[in-house]
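Presented sequentially are two complexes of subunit A, the first with subunit B as partner and the second with subunit C.
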Partner chain A sequence: MRILQRLLMMVVIIWIAASINFLMPRLSDRNPVEEMIAASMGESGGTMEGIEEAVADFERRFGMDRPLWVQYANTVYDAMTFDLGISISYFPDRVSTLVLQALPWTMGVMLTTTLLAFVIGTPLGALTVWPRAPKWVNAVVPIVMILAAIPFYLIGLILIYVFASRLSWLPTGKGYASGLLPDWSWTFAQSVLTHAVLPAMSILLASIGIWALSMRGMMVTVQGEDYMVFAKAKGLKGSRRFWRYGVRNAIAPQVTALVLTLANVVTGAVLVERVFSYPGLGSLLYQAILLNDYYLIFGCVYMLVLTVGFSLMVLDLVYPLIDPRIRTSVTD
Partner chain B sequence: MKDGGVMKGLSVTDLRVEFYTDDGIVKAVDGVDFTVRPGVRTGFVGESGSGKTTTALALMGMIEPPGRVVSGQADLDGLDILSLTEEEFRQQRLATVSYIPQGAMNSLNPVARIETQILDGMADHGHHLRGSEAADRVAELLAQVDLPPNVGRMYPHELSGGMKQRACIAISIALGPRLLIADEPTSALDVITQRRVMETLGKVQETIGSSLILIGHDMGLMAQFVDEMMVMRDGKVVEHGDVADIFGSPEHAYTRQLIDAVPSLQRKPAAAPISSPRQDRPTDTPLLELDNVGKTYRKGRSRIEALKPLSFRLDGNKPRVIAVVGQSGSGKTTLGSLVLGFETVTQGTVRFDGENILRPGKDATSRFRREVQAIFQDPYASYNPFYKVDHVLSVPLRNFGVARGREEALGHMVEACHSVGLEPAQTIHRYAHQMSGGQRQRLMVGRAIMLKPRLLVADEPVSMVDASLRSIILGNLATMKAELGASVIYITHDLATAYEVADYVLVLHKGRVVEAGVPETVIGDPRHPYTKLLVDSIPWPDPNRHWGAGGTLDEEFAAVAQADLSEPTIIRDEVAGFQLGQGWTG
Partner chain C sequence: MANADYQGAIEDWGTSARRWRTVSAYLKRNPSLVVGAILLLILAAVAIGGQAFIDYRDAAPLSNRPSRPPGADYPLGTDKFGRDLLAILVYGTFLTGKVGLVAGFLGVVIGAVLGFLAGFFRGITDTLISLFTDVLLTIPPLLVLVVIATNIPGKLDTDQMAIIISLLAWRQPTRQIRAQVLIMREAGYVKTAHLGGTSRLGIVFKELMPNLIPYLMASFVLAVATAMLASVGLEALGLGPQNEPTLGMTIYWVMLEGAFTTGLWWWWSTPLIALITLFVGLYLVSAGLDELANPRTRRRGA
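Let's turn to the complex of A and B:
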């Protein structure tokens, strides 16, 4: 019953968000088809004659000559069937192909780094206020806190300068070395990994401190609770008090934040992907917006909407496991 | 139940604990010596700041910086526990010395089942139980504290206050310690639950044969429960001896003072003369009128009748203090919320000064909010921590147009502080967290007085403060009545304070008024079995008058259960200016 309710909720959220996403680019008075054709004609050195007809022809093929509500109905139908149409800027590639090509790159780097940053940052933040924490915590935490204050694209630029330009240890950008073709070989895998190191590091360095900071605040509150005193009076070992009584109670808001961050992973850190010319969804979305490619924008954002909706549903279902107090109020 | 080791009990010599603060060294415990013989219950009594809790924490090895145990020995059955290292001390906690915390409301880990919280303590002392062995041990411990075995699978929020406290006792006796330290274990519980928890604690202590230290400020509870008593003040022992001797002939004036601070049914202070009865209102409209007012909560398909239809009229020409007495769940707080308009009635009408408070006429809302003031139980939760006191006080002054301009507002604030005995200079520019719980609660009373209300709803205003403050705050309420001519609806679980301040008492049980009358008859000579149970559960500050004069708790509960719930209210007597009725349309 509850799952059904949540599913319905998710569908509604996705529908509303997708509708907004449909309307927004169309409010702009730019004509993407005209721009595309003009650009390609300009490139091939052709004249501008006949451009009107060509534009009209393309518009008909994209269905852009029809009334807005027909376009909307089509889009809704397409969205439901996950057929996202043909990209204007990458004509004649399908949007779904483009999105699915970019997705693994973004997921690989962003998902891993977000989870890693959470797993490292959360206990670190909790340890900063734990009376008998190891000494190294006091040395490490100020550094990650400072890094958290620097935008990650800036950290990315510094990393490129130091490790790619000056030391030449790692490549400056792109998903893999330009001479290679994607396949399942060891050389290709190695290339992908070395190319992922710098973007991953820049996000990791910038976000560990943020997780640590928010956990620290929650842990301070938990430390003042009566059950922490009783846990000590029970003669519990320090590690059990820290994890099972402290972290366990402080973690709920962290998990909420984690799920929301994961939901946004899909569009990636657009700026990071730009800085490293990484072939992920962020770069794709950036391109699409530059050219006002309705269909591609819709495809990228639709992906985001799907993950946000899905993540929120997962969060709703997972939360009672984290906090038993929610469990009973739900069954009431 | 430890074997080995000689049972000599606890003997503490020259215990000193100091706290290093910005204002210098505070000697929280200043050279304390005492012994607790095996199997004996000793009470540590004193007000907050007397050092009683600090002494206990030192015995648990739990003094945290900036505090430090400066000197002293604590010999427990041949082991000097104060000389132990941190890890050695950890192993002794629970195994040898156990602690039953104050405020059981928050002492259990909210995200772990009770069985987990029993077993984890055992596991960290080398007793790793699994499967049926673990389940059996949990059930056995829960049975010792009169809890059914299924409580083990529950989370703390699924338990009532009394059950949580008993779960805490079960946790702390898991390894059969030789010394139990109970730190105000019943401070937030009503008298009946308190009696049940204390009976459980006493039984458990006798079963495992440990010594017990009960920390508290309630002399009544001490008289009922402990064998010996140690009175502390400013970190020193004032008096230590047999409880009957101390109550019989207290040697120290301070002890006398503590005993006298307990509200007692023998002494009723003479009613203060009413100096300025208000004449500024028409006499025919009652101040507060409840016409067949009831409240039913729906939870899914089940309905909970929190308050059965109730009617009364409070004239307000003569100020009255009406006490509404009952346990948690009796509907007393619901009644208060309905009068304040915080909850909507399911049936009936609440009228203030003739106006239905849910459909007030023009200007009536603002007048209602000003003329009806409230004081709540928790002086910590009543304040917005981001604002200073002057903001808390000046907002109502501004909103109700009481004061124009800062000067006038300040004058009102200073007056408000004086009215409750607070020093304005040390109060107005502070944040709530910079004041003690007692100061905060007094300020709440001062805030209410400042607005010169005609009706005050006080919901358990003194259940979280210690004895001497309790009498000050109750005194403030009496002042409101006498000097402002304000009537008070005093909601409490504490019959003794109701006896002291009330003109009329309503005893509420399961949403119904079971007995009503003036305190002398209702509390002095209760008729209804529920009122009897309440009165019998008051911890009398007299070691010779035991709990359960009217039978054991179970017998009394049985009598309450047998009482007919449809029976009309036993109305003992009437008081001018207040009428309890069967419903009328005004």
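Let's turn to the complex of A and C:
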């Protein structure tokens, strides 16, 4: 049931995205044909047949001769089949190619940092309201929570200044050292890793607090429950009460929080990539904005929205493992 | 100890002096509200008070000597284009604050109406509004705004910016207000009023609205913070008002010109400190208001 619901939601999201893509150029005064031709002319002079193809692509896409509803249906169909047109600024590359090239970079950093932040932040938040928590928790958690209020990319700016510019410990940006060619060698992997440290750190530092904060709220509720008193009366060890009785029962809504904040984490990651010129979707989006490449802008946005939607679906699949009550309610 | 003061103060709630004592006793228990409010007040004082002493033209490019370090002439230095960073601090904070307040206000108004309709009438109204809000909540807001902003013809100004951002700023307020109205309409005092013969409209305006105010306040602060996050993000990506010295646009220029490698540390540190103060202040106030509106999250035994 939940999966079906989520699939339906995905379809609605794709439909909304396609509708925005359909509506926006029609509502604004800007003329995409003219801008497209102008932009292509601005490139090297020898791509005349390319311009024709671009215009033909445009005509096919927005075909003025066809009725409006056919045009709309086409836009939705193209979005569903991942046909996002041809990029203007990276002509003659297709938008889908460019987007798929950038996706692994974004996903790599995003997945690692989100999971790490969740794993670190959740117990930290639970410990803040645990009576027998170590002393350092009460010193660390307020700092972490305040860091959560600061946008990722501003933390990134500070990290660049301290660790890249002043101390020169780590590179200031890019995905890997400029002299290297992407291959499966150890030097390349090492370069990728060192370049990923600062972007990952800025997301990590700012998002541990997000999980700590929501876990703290849940843990307060759980601590008031009778079974916590019972566990203590039984004489169970503190660590067992904390993990098996407290955290275990407070963690299900935490996953829901993970789902809801994921959209914000993606937004933050886009700007972090911009700060570090990291070769993911965020930087591609920034390039597209600079060069006024509408198809590429939409392609990046579309892919990121799909990423969030897809992650939500995966989380929903995992949810019954975390909260067994969901499993029993599937039947009704 | 503080708790006992607070309890005692509540008992003699009456004269204004005692009322003040109660409020201050409460504020002592809620330090994040106080610290956050102080941070925001300092920023507001700089942004509004500073306008009396500093000329708006100093925030424009080519108005001063470029790349000057902080000193007697320029207390905070100037950037590569000759903008005085003190002027950017004053007017940038003002503009960023304006966008956030306007967009946050519009967002809360729309959200309050939608949330109220959904929570009060329930049924199909609720289903439609909730479904729409939930779907939009899973979409990263900045990305939708990017698509919208790229399609606005001509140069943006901060007012248009605020309106664009308010297009998505109503989502969380709608959810929060709806949840609260659902709880409140089942509350004892509403039922009593209903049995006492108060009309539906009377219940809405006499019973529900006044009790909703703390939640509206909390929603408002959160909406302002979200709106500022979105506006500064859009600006940092280069989609903001190019001709106005907002804090986000300053960050955009810093990144575009690589101010880190050129050693102009005062160029990026000023907007950065202003933005961090702003976001931390909003966070603390919002956490404090949440504690006020939602006692369940209160710390125990403090």
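Please note the rule applied: the second predicted complex is superposed on the first by the 237 of 332 C-alpha atoms of A that agree within 3 Å, B and C clash if a C-alpha of one lies under 4 Å from a C-alpha of the other, contacts with A are read in each partner's own complex, and residues count from 1 in each chain.
One rule holds for everything that comes next: a residue touches a chain if its C-beta (ideal position, glycine included) is under 8 Å from a C-beta of that chain, and two chains touch if they have at least 3 such contacts.
Just so it is clear, the structure is predicted and the values come from calculations on it, not from any experiment.
Applying the stated contact rule after C-alpha superposition, one finds that A:A231 touches subunit B and leaves subunit C untouched. Legend: residue contacts after superposition of the two complexes on their common chain; A:A18 is shown touching neither subunit B nor subunit C. Partner contacting the larger number of subunit A residues, of subunit B and subunit C: C. In the overlay built on the shared chain, the residue A:Y245 is in contact with subunit B alone; subunit C does not reach it. The intersection of subunit A residues touching subunit B with those touching subunit C, taken from the two complexes, is empty.
On the side of subunit A, the complex with subunit B involves touching residues 131, 225-227, 229-237, 240, 244-245, 248-249, 322-325, 328, 332. For subunit C in complex with subunit A, the residues that touch the partner chain are 134-144, 146-148, 150-153, 225, 229, 232-233, 236-239, 251, 254-255, 260-261, 265, 268, 272, 275-276, 279-280, 282-284, 296-297, 299-300. Residues 9, 12-13, 16-17, 20-21, 24-25, 27-30, 129, 146, 148-151, 153-154, 157-158, 160-161, 164-165, 172, 216-217, 220-221, 223, 259-260, 263-264, 266-267, 270-271, 274-275, 285-286, 289-290, 292, 294, 297-298, 301, 304-305, 308-309, 312 of subunit A touch subunit C in their complex. Of all the residues in subunit B, the ones that touch subunit A in their complex are 60, 62, 64, 90-95, 98-99, 101-103, 105-112, 120-121, 124-125, 155, 157-158, 168, 171-172, 299-300.
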